[in-house]
Amino acid sequence: MEANTIINPLVRKFRDIRKRSENICQPLEIEDYVVQPIVDVSPPKWHLGHTTWFFETFILIPNFPSYEVFDDQYNFVFNSYYETIGARVIRTDRGNLSRPSVSDIYRYRAYVDEKMTEFLNSHHMNDSILPLLELGLNHEQQHQELLITDIKYILGHNPLFPIYKKEIKNTHKTTVEKRMLRFSEGIYEIGFEGLGFCFDNELNRHKVYLHDFGISNRLVTNREYLEFMESGGYSDFRYWHSDGWNWVKENKVKSPLYWHKIDGKWMCYTLGGLEEIDPDGELCHVNFYEASAYASWKGMRLPTEQEWEVASPHFEWGKRWEWTNSAYLPYPGFKKEAGAVGEYNGKFMVNQMVLRGASVATPPGHSRDTYRNFFQPDLKWQFTGIRLAK
Amino acid sequence: MEANTIINPLVRKFRDIRKRSENICQPLEIEDYVVQPIVDVSPPKWHLGHTTWFFETFILIPNFPSYEVFDDQYNFVFNSYYETIGARVIRTDRGNLSRPSVSDIYRYRAYVDEKMTEFLNSHHMNDSILPLLELGLNHEQQHQELLITDIKYILGHNPLFPIYKKEIKNTHKTTVEKRMLRFSEGIYEIGFEGLGFCFDNELNRHKVYLHDFGISNRLVTNREYLEFMESGGYSDFRYWHSDGWNWVKENKVKSPLYWHKIDGKWMCYTLGGLEEIDPDGELCHVNFYEASAYASWKGMRLPTEQEWEVASPHFEWGKRWEWTNSAYLPYPGFKKEAGAVGEYNGKFMVNQMVLRGASVATPPGHSRDTYRNFFQPDLKWQFTGIRLAK
Amino acid sequence: MEANTIINPLVRKFRDIRKRSENICQPLEIEDYVVQPIVDVSPPKWHLGHTTWFFETFILIPNFPSYEVFDDQYNFVFNSYYETIGARVIRTDRGNLSRPSVSDIYRYRAYVDEKMTEFLNSHHMNDSILPLLELGLNHEQQHQELLITDIKYILGHNPLFPIYKKEIKNTHKTTVEKRMLRFSEGIYEIGFEGLGFCFDNELNRHKVYLHDFGISNRLVTNREYLEFMESGGYSDFRYWHSDGWNWVKENKVKSPLYWHKIDGKWMCYTLGGLEEIDPDGELCHVNFYEASAYASWKGMRLPTEQEWEVASPHFEWGKRWEWTNSAYLPYPGFKKEAGAVGEYNGKFMVNQMVLRGASVATPPGHSRDTYRNFFQPDLKWQFTGIRLAK
Amino acid sequence: MEANTIINPLVRKFRDIRKRSENICQPLEIEDYVVQPIVDVSPPKWHLGHTTWFFETFILIPNFPSYEVFDDQYNFVFNSYYETIGARVIRTDRGNLSRPSVSDIYRYRAYVDEKMTEFLNSHHMNDSILPLLELGLNHEQQHQELLITDIKYILGHNPLFPIYKKEIKNTHKTTVEKRMLRFSEGIYEIGFEGLGFCFDNELNRHKVYLHDFGISNRLVTNREYLEFMESGGYSDFRYWHSDGWNWVKENKVKSPLYWHKIDGKWMCYTLGGLEEIDPDGELCHVNFYEASAYASWKGMRLPTEQEWEVASPHFEWGKRWEWTNSAYLPYPGFKKEAGAVGEYNGKFMVNQMVLRGASVATPPGHSRDTYRNFFQPDLKWQFTGIRLAK
């Protein structure tokens, strides 16, 4: 077996990606794995179980005849939203489940990893299964980013502000000089094309007609956003969408997430603990409403996702998910796949806005300029930032 | 004065449109003017007051020096959402206000109409005010459609099912033979251009790149939707968006709005009372989730608003607002106007879907193929229908 | 018939009490009859219909063979909480019903009154029906008080503060000198005994053991309560029950209901319009939490209902319902009656506090020192006041 | 030190009671300490910290000059409801806190226990502190019962139904023959008197006048309650309080808590796992509404707390908290103590019902026939049962 795993690159890739999820959780106390402070933040142990369940349910059970299910009940506990696969714990209840315990879940991971290794080395594995395997690994990587954002939320909303890792570099400074990049009206192409993996929502590559536009070569900084705050941005309805303004008033919002004014100084919680705001750092943890209001205050706007994709080779990206002014909708000719994996993307194509780029929390190798991330416009616990357009 | 109004066509247009709102309310009991059964449905007396307040606030007060405000408090009561103009009754409270009484509001209308006539005949009126006047009249017409849909909701949710008008023709039958109209990939133009009135959200006319598409020459009928219902459409998650499926389950939805199964027969409430469903009638009162689910069940999709506008000269439209798969977003180069009227459209450009066409409740002369109506995806008390695309 | 009604005192009593409900509504606009600003406040037209439905349902239908129901649907609309009698509009929906119209309801009243007169003069009437008739009339009187408190709420929460009746004497001044009445430990008797009408919850008369207590000979005044307010009573948790303190914080309560600080002066809405607070007036519109907190701040307490009843012959009462520190519970030997009227009182004997006395809104002839009124501890739209004990 | 603890009985008592809390938690996984599935159920680690905080805050800080606070932030985390002592985590958020970790809390306990031992052996300890020490120990014992009920809730609502302790005897069988004990009308005395500890709400001992009553010598069994269920008790409004009936309908209640019908058999979750219902076992986990409805169905009633206390020497009690029909109210002459400990009982004397007796989860030595337990009428996660009266 050992010998095999060395020579089978699929197994190595599988094991490396799976291992990374566990590495992310390594600094946690067991208690940190359990809680769900808001509905959007899942307990870390749930992420570890759910990604494992994905491989068990979609690869091992249908394709590996000798496979024995680790625990019958786990489908109920770790199914996230696949209605095809049966009953599931409702999302708000994930934080109420103390069992399976963290060590049970690590045993579950070890068992499934072992069986996956066997499977990948067996004659049951074949090319037709590759796309599902790729999907499972990309799914695991998406949950790695969620693990980091959810851990940050769990620790950052604890009154003791515990440190995740001391040595973490928390802010990303921008040093590029700000400049407006200009693009001319005409036909462009966007969407994925090529040999590697992509999600179904990136297909097909297709022509779009864009109008003259400008887009900034860098992200908005904390200093710039502080100007907006200090000039009364959170108390002037004119900059806000109607829904955004209601959100501000209901939640008495005054700043990005994790910001606290302490003794007259703006501090923010980072994975390394409470820190003073760095004015030159790239702004983080704003939602679509805030991004739009900031742009409006500047007399500018957010780019569309088409503009972003066309312009992206000309600027640096990858530290913050960048809000676009595009709603999450299907590309021309979009087709849902048959079966449960068809539920992966298509059914979310309403009421969400597209984010482009990637973030400091995105796993290496998991970003593309055609990648379409999406969230509801009021959410801001992801590593989200602002790039302006005109 | 009489002589004047005869020769001033602006006055005649103003008075005709204003009168039409009152005609719509003519069959009501006083009690019907008062209630607000759900937050989206405003009391008819509120519509009558609010449209009047619009002329008082945006035309008379700033432009007619001799004008005396009818009642100081009315700004508080009849402001809908213009934050620029000050405090307002929150929307959910409109149905709690028994005063101003209906007769007070009719006196308010008469007073403002009289003063507007004086103003339009005076030297204070000039061309620079025309756009605002047009906006006010189009605003009044939008509320005429809402008056009809809200009256239908108020009476149609009363256990006594009162009749609004006996003689109303309730269903619109389709007789055209169903056909798929085909359009080829390429550059098209959409958006308003010309001399007449349009809303700011229809501007500017601009090029779009469309891909090959087909679009039906007629709307979905009751018979066709009944097939969806009878084949279990409301109980199979696969056809639904995730948010739509949650909506179905939470609200135990089984049919379009106003439909009731009575003694084994599908009946529906119409403004003429309870009637049996006409299978050949054009389906009405479905929301975006239902429209999408139906399309998905048919293996088809909803058109985008761009496709709809390009194809619209080739089919009949105007009986049902047609859900598109386009989110309500700004056109390239969209600019909000300064001041309170800038709040008219732009601030709603998130979380809503575009509807195209017009409906049986749309006032004559108030429809255009560039008109962009918009509502949240769960609402279905407007006269909404489905046109399929592919 | 005329001749008959003159000589039949039951008919006269019936007609007088029924007429009084309509007199109370005489100053209203039709719109005022319709709205339900909070769940506890019913639309006046609902009260008028519901009290009529009571006579139709419990007296005419079972006892008057020739009686024809006025409208089959009205049972659904006007049943308040009698589960025995079938489906009913849920309480929160009453304000959504524009029909039956006010004039329909007055016709319903006239019809049922006519039939009741016929019935009372007929041989179908007999002594066994008297208790139900008495219950129906007392029920009507209870709704007369609710009509007044609900009208006050509807008008008093309208931003125009409409006047109900100019000539109404709004405050009741106390002139008695304050004194503590003392009672000694021992056995006392409370509860109803005698020939007249009482509710089942006042039975049976029974012995109670009381301990030495003092009770004030008069109610707390506005001046006294203002001292509590000005000394920070609403911001010091120590005076409040835990539930009361949560209620204060959630609702940001600062004063009794209907009080508004305008230009530095405390004003209050009365049925005669907005008036300045009269310091010598008896405090009104506080709930149990406020009454308890005030007593606690004074280093005193509220009386129990037993103490109140024993002491009541020694002081004036009848202007304010007086909160006691007694929960609403059955007397020893309490028995619910069979059938729907058994639902009148017993099923409410949990989660409510007893009020004793009567108020300016109580109909003449409808008060007794054994009368047990009851409301949830957070409600304060009744004419409620405070008497201290020690 | 060792020598000291042997000869100081206060220290031994302190250490024994403190140790018992930890023993209760011994079978738990770390994850079980963290979750809060409903607002009424606190995380076990919170109980362990909160009881420790009580000794630190009320005894060590004010009385032991050399004491150094373990962690400044813990007051914020572990204050339950003492407004006097400052800010606190709102109750619903307890389950969102992964830190302090379980091991931190055990260190906190060890530290405070050590310091308390030093203190109790020091000259700073004196008789005036004894009442507070007693209160702290009784407080710890109350939380021991809550630990057991909360652990049961946490494990019993996990889809895996984990076992707490295999060897636990879950049901308590009644073998006494059912009999009605009769008591005659007259003056009785209730309330605490004597030398030992009692809570302030048990004072003072006072005379009450009771009327002839009967009370059952034993609790209602599962078999008896099953008859109620099978005869349609949960679907007949006539047996229920109005609030109780709403609770049944809203929550679709069909059985006591922890009961599950599996393959046609009634099972219930116990601390030893899922078990078949024992018909002869004493009924457990019903709320006040259910207890009242059952009594009403039997044509009987619940006893008052006065009746219960008078009769209690004549029957066995202590396995189930027994719902009474008495609201939780102050005894004649009740006085809140000054300062924070005055918040212990008095401020809860509204909206709750009294339970008498004790349960299988009550610590040894922590029950008295004068003990007044109290809960809201809809709660049923305590070990609650029914005793009938007439």
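Annotations
Note that the chains are named A, B, C and D in the order they appear, and that numbering of residues resets to 1 at the start of each chain.
FYI, contacts are C-beta pairs under 8 Å (C-beta built on N, C-alpha and C of every residue); 3 or more make two chains touch, one makes a residue touch a chain.
Molecules present, by chain and UniProt name: A, B, C, D = Ergothioneine biosynthesis protein EgtB.
This is a predicted model, so every value here is computed, not measured.
Chain centre most remote from that of subunit B: D (centre = mean of CA atoms). Once the centre of each chain is set as its mean CA position, subunit A and subunit C turn out to be 58 Å apart. Spacing of subunit A relative to subunit D, judged by their CA centroids, is 45 angstrom. Averaged C-alpha coordinates put the centre of subunit A at 37 Å from the centre of subunit B.
If touching chains are joined by edges, the resulting network of the protein chains shown is one closed cycle, each chain touching exactly two neighbours. Chain contact summary for the complex, subunit B toward subunit C: residues 29-37, 45, 73, 76-77, 89, 93, 95-102, 154-155, 157-160, 162. Note for the complex: subunit B touches subunit A at residues 81, 83-84, 185, 187, 206-211, 237-238, 240-245, 288-289, 292, 301, 325-327, 329-330, 332-333, 342, 347-351, 353, 377.
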